[in-house]
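Down below are the structures I want you to see.
In the two assemblies presented below, chain A is common to both, partnered first by chain B and then by chain C.
Moving on to the complex of A and B:
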């Protein structure tokens, strides 16, 4: 049974960090769409306190100093609907719009999706494909961690005791991109396999390409070899190059069998999704 | 205007959508206690005892109850009488109840239940039909692992196969299906003076619950009262299982002398409640050169689980429906309900027929493909028509809308334009179209005929409103509305003044279960009898007022007493008649009783009138299959149904829509998984995958009416039919799109690429 005793509503980041630091059983809560399910199922035996993020001013999406800054408490609906995001980051729009169903998207936050650190989190591959970094706030102040280095395993992150995600920082540029997922149904489906691809012009006739895979490894992973191959070659890529890149994507996946799907299917589908995502950005 | 045939709004709709309706968990009682169930952690084993010390010491715990506390008989009375309320010396499936923890709060009861330790020596469980059939399989009961079996023998199948132009042999498998009703199982038992026990709760079959509570408490029937509360869905899942829940809650209430609530969480409801039986079907069918079926040999196995519960009756329906609505003179069908160490399976919309229908309707499609005949045409050549005989030798003597459902469904779906063989389909995403034609024996049939009767009481109150009680339940299917329509017209009172209440064993004698699509027909007919009797008392009054010489010359219709020969002449308002009724001290109540038309079958050959009448249906499914990912999108389903008469067309369409979606889930996503030790793995809606609103295809329901002479206003029964044939229609459409024949449900993308 749970030992949840209280819920705190801190009004500032230092106050939140302080509660988190002094109470080892304290957990941040944002939309609660992951946490409350776990709580109800008795999966949070060590959690004594919830620390609500809604009073911390983390709901803003702004453009400053060459970066789009997305507050960690922004909901999926807010992210997907924001002009700064819509004009720049199609992969993120598509990713956030494929979380759960609209009731969930109205409550679920970007910070919660990343904080939950599931390899199947649908906003994570888009964020990785956009070179996002997490701005962390903790007892020792602020630091920035590239999101590609943020996850240590399922549910595991580099967050230190007392630390929280304040915002996500995305380089300000217009990208083309796509996020594709396969689930067991059309809504409320945890990804069996997902892929985000984003790209942007780096030089004349060249595109910088990022590819991230979800649900095929202990964390969301980047396909660096395929990215390098495509980024170095003339854009749009030639057919044989696409085939090579596709093979590299498939090789990167390290999927497993579970209730949702099968290893081999997942592996093969990374190639299919890659092909489709590339088709989408090329039209 | 008569009420029958109108889409009047549902009586319960407004309260349900505004949240006013009270379900059992919304109810309370002074001194209420809460029970939680201790469940077996192994699938099969010897139970030596329980260590309850830690649980008993948990704050708030009042008592821990085991089988030893049962004052009556520890058996849920049903067909073979084998399921225990609480395990005694052995456990037979993972999650089987072995004790109840009763506490002052639900939280304390659940927390303490986890502290009870069972001393069990595990044994090797039997976990599938194939395992149960093995010669060296553990014998779960003394004999073989067969709970029950049937044979249908007609003509000489062996000889007919020898003459067949072609013979097809295929094997099909279907998975579990969980009912996933919105409201989980729950009961509240309240002990009363003089040993009375009243149980309130979510259920389909109050009289089964009545039997069960009387039995576990060892109380006479007149001390026990069962009141159905608003029930949030059943679909068969609340046929037999609520008896167990009610028995347990009543046991605790009786021992402790306080009201006790036992409400299931979703996770334990999925673990503990009945499900659709998994099946294995071996089909062998011979045809002549024209594709006419000349011989069939079908073996049907169902995985009954740890106790027989309803399996023998489920099996009977499956056996009769195994070949589908086709003429075939030489048939051998054998069926077996196998014992395993998993949760007992029971009733689920279709009751043992969707499994065999998937097999036979897939095979008909396979035959059509092999013979290069349009699958619609093959069905027309073989379909039952008036005068033809079913596999049990029953002559279809009336109300046969099969060919009209084929005509209407295929026309609406534009079959002729859309159908072409799979080889002509190209592209990454391929369209496909598939059909199924089915029949459905209405009511309990020969397998359950001793239960097939129903009662209804009707009282005209002083203000003219009409109070009706029936023995069948409203569980979300619209029964109270449809029955009110029938009652209103039978009596001749305005529909708005008539109300049928939820079932209560204190009001009506045992009217059988609310299953087998029998409620409109059975309770409807009982209400027709009650209404006519009551009206009979008013006719002399009308005759007198209209100056007619005999009551035969007048009638009471739509709220007015009239002369039959002059329906537009002088009218006497119903309320005036009610006033007269009370002034003259006429009996304002009546009681209707209806016994189902005869059915019978021969134990050796299965021959006879299996059901008193059949409903008919044709489904056309249209899909798009992504040939790279294997994803199947169901685009449109057109279903034409002959249910005799649509008492309320909107309710009929609602049944078609809901059943179709359940059939789609069954075909494309739903399944229960167990680990190698028999533990059920996906007991939550995050892992037991059902369709959501976003998966809903375009649904086109079509009503076909071939009235049944015995039916209330011509109605048959049809609530189960919309689900039954959806899986093969979709599977056939997937074949039509891709050329891939999936014989093991569900059709997951992983199986297609």
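Moving on to the complex of A and C:
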């Protein structure tokens, strides 16, 4: 069951990419909060090597050239507590603070949560609502992928063999926002439905709005029709417009029945979470 | 199956530099329990949900069942409950747990008090909400949460009254920085 034979400690990104490319059984390990659970339960029979990311210098959060750059190995605690994030991205602060519980957030990383590509990952809807892009490093060099185009399905991403997430790039702007999650309890629960809403002033009396849904489709998804409706209208939106946007949000959700919840309940709660998130932002 | 290599590691355990050679899949919890015979921390769920394995890594509580021992670095500081045996704040907490009847089967308690300790280090006078929040990663299957919360609240009052100075093995500088934040 356990074929793990080596742990690598690359000191540079090219070195890490090279190990990942040449050893098909190699997997990156950062916080380990998801990977080690799988490993210890025998769910990673093909993994022969762990590649530790802690020596790659991916722990920085910086502001450069109009972008906040968050290193992929930043923990949830580090992201939620950083002034550059706290001053700009309330949805991301709230999302990262709702991952797991205290002990998990001290170890789990943003790159790990995104790289796992769970539709229920709680840091992902906030990142999508903030127009985040992933900066990838691979054997062919660097490339930037908008996070909205990063996921192909549950656990599936556009990452190529040997490629890893170096950082997340978020446009530097002050946003209002909220992340709301419906789970069995407040700590540790995997989301049944989650919603992130972020907005920022685009012109006098207008706000650019982004809405992302978690756990109601094979990947986290954006609600583009509702976003366009709200972004084009005067801000704050009139009651009838909110009702229309809400209907569009609910329409976007494509939930399933599973052990955590039911399709119909999830769909209805998507609209409820949208209403609550908008209320929070408008206060 | 390939023969796993042993990985040499060095880190600070309860204020002392230690060395070990660990298999690739060994967790920090297994390391402190098996190699160093520090058995306060327990494996409850092995999935990072119950918190019975909570240790302090660089002053932050983590699930030691999900920390790969091989990835410990010389700059890492691990503190187990044993390392806090003489710590006045930890002793105040332990007495308070006993006085309030907060200990039932006891399995969760070594992890629970690590979270209590971390809370009172950061928030010496915590709100009821903070007490709940800081223990949200620790599960007590006897479900004795109310008494645990009371014990922590009373320990905070007592610690404030006696101004118990806290001893912090080998990490005074780091914790000063945190308090300044």
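Going forward, the second predicted complex is superposed on the first by the 283 of 283 C-alpha atoms of A that agree within 3 Å, B and C clash if a C-alpha of one lies under 4 Å from a C-alpha of the other, contacts with A are read in each partner's own complex, and residues count from 1 in each chain.
As a working rule, contacts are C-beta pairs under 8 Å (C-beta built on N, C-alpha and C of every residue); 3 or more make two chains touch, one makes a residue touch a chain.
Note that the coordinates shown come from a computational prediction; the quantities given were computed from them, not determined experimentally.
K.L.:
Taking the superposition as given, does A:188 touch the first partner, chain B, the second, chain C, both, or neither?
P.N.:
both
K.L.:
Could you tell me if A:259 is touching chain B, chain C, both of them or neither one (first, second, both, neither)?
P.N.:
The first partner, chain B, only.
K.L.:
For A:5, decide between first (touching chain B), second (touching chain C), both and neither.
P.N.:
In the superposed model, A:5 contacts chain C only, not chain B.
K.L.:
Considering only the touch criterion stated at the top, classify A:268 as touching first (chain B), second (chain C), both, or neither.
P.N.:
Touch partner of A:268: chain B, not chain C.
K.L.:
For A:107, decide between first (touching chain B), second (touching chain C), both and neither.
P.N.:
A:107 contacts chain C only, not chain B.
K.L.:
When both complexes are superposed, which of chain B and chain C contacts more residues belonging to chain A?
P.N.:
C
K.L.:
Once the structures are superposed on A, label A:54 by its partner contacts, choosing first (chain B), second (chain C), both or neither.
P.N.:
Once the two structures are laid over each other on A, A:54 reaches chain C alone.
K.L.:
Indicate the residue numbers of chain A shared between its chain B interface and its chain C interface, in ascending order.
P.N.:
37, 101, 186-188
K.L.:
Give the list of chain A residues in touch with chain C in this complex.
P.N.:
Residue positions touching the partner: 2-7, 9, 29, 31-33, 36-37, 39-40, 48, 50, 52, 54, 77, 100-104, 106-107, 186-188.
K.L.:
Can you check the complex and tell me which residues of chain A touch chain B?
P.N.:
Residues in contact with chain B: 1, 37, 41, 101, 182, 184-190, 259, 261-262, 265, 268-269, 272.
K.L.:
Which residues of chain C touch chain A once you look at their complex with the stated criterion?
P.N.:
1-5, 7, 24-25, 27, 46-49, 51, 54, 57, 60-63, 65-68, 70-71, 73, 115, 133-134, 136-137
K.L.:
Of all residues in chain B, which touch chain A in the complex?
P.N.:
107, 110-111, 114, 267, 628-631, 669, 673, 681-682, 686-687, 689-695, 749-750, 753
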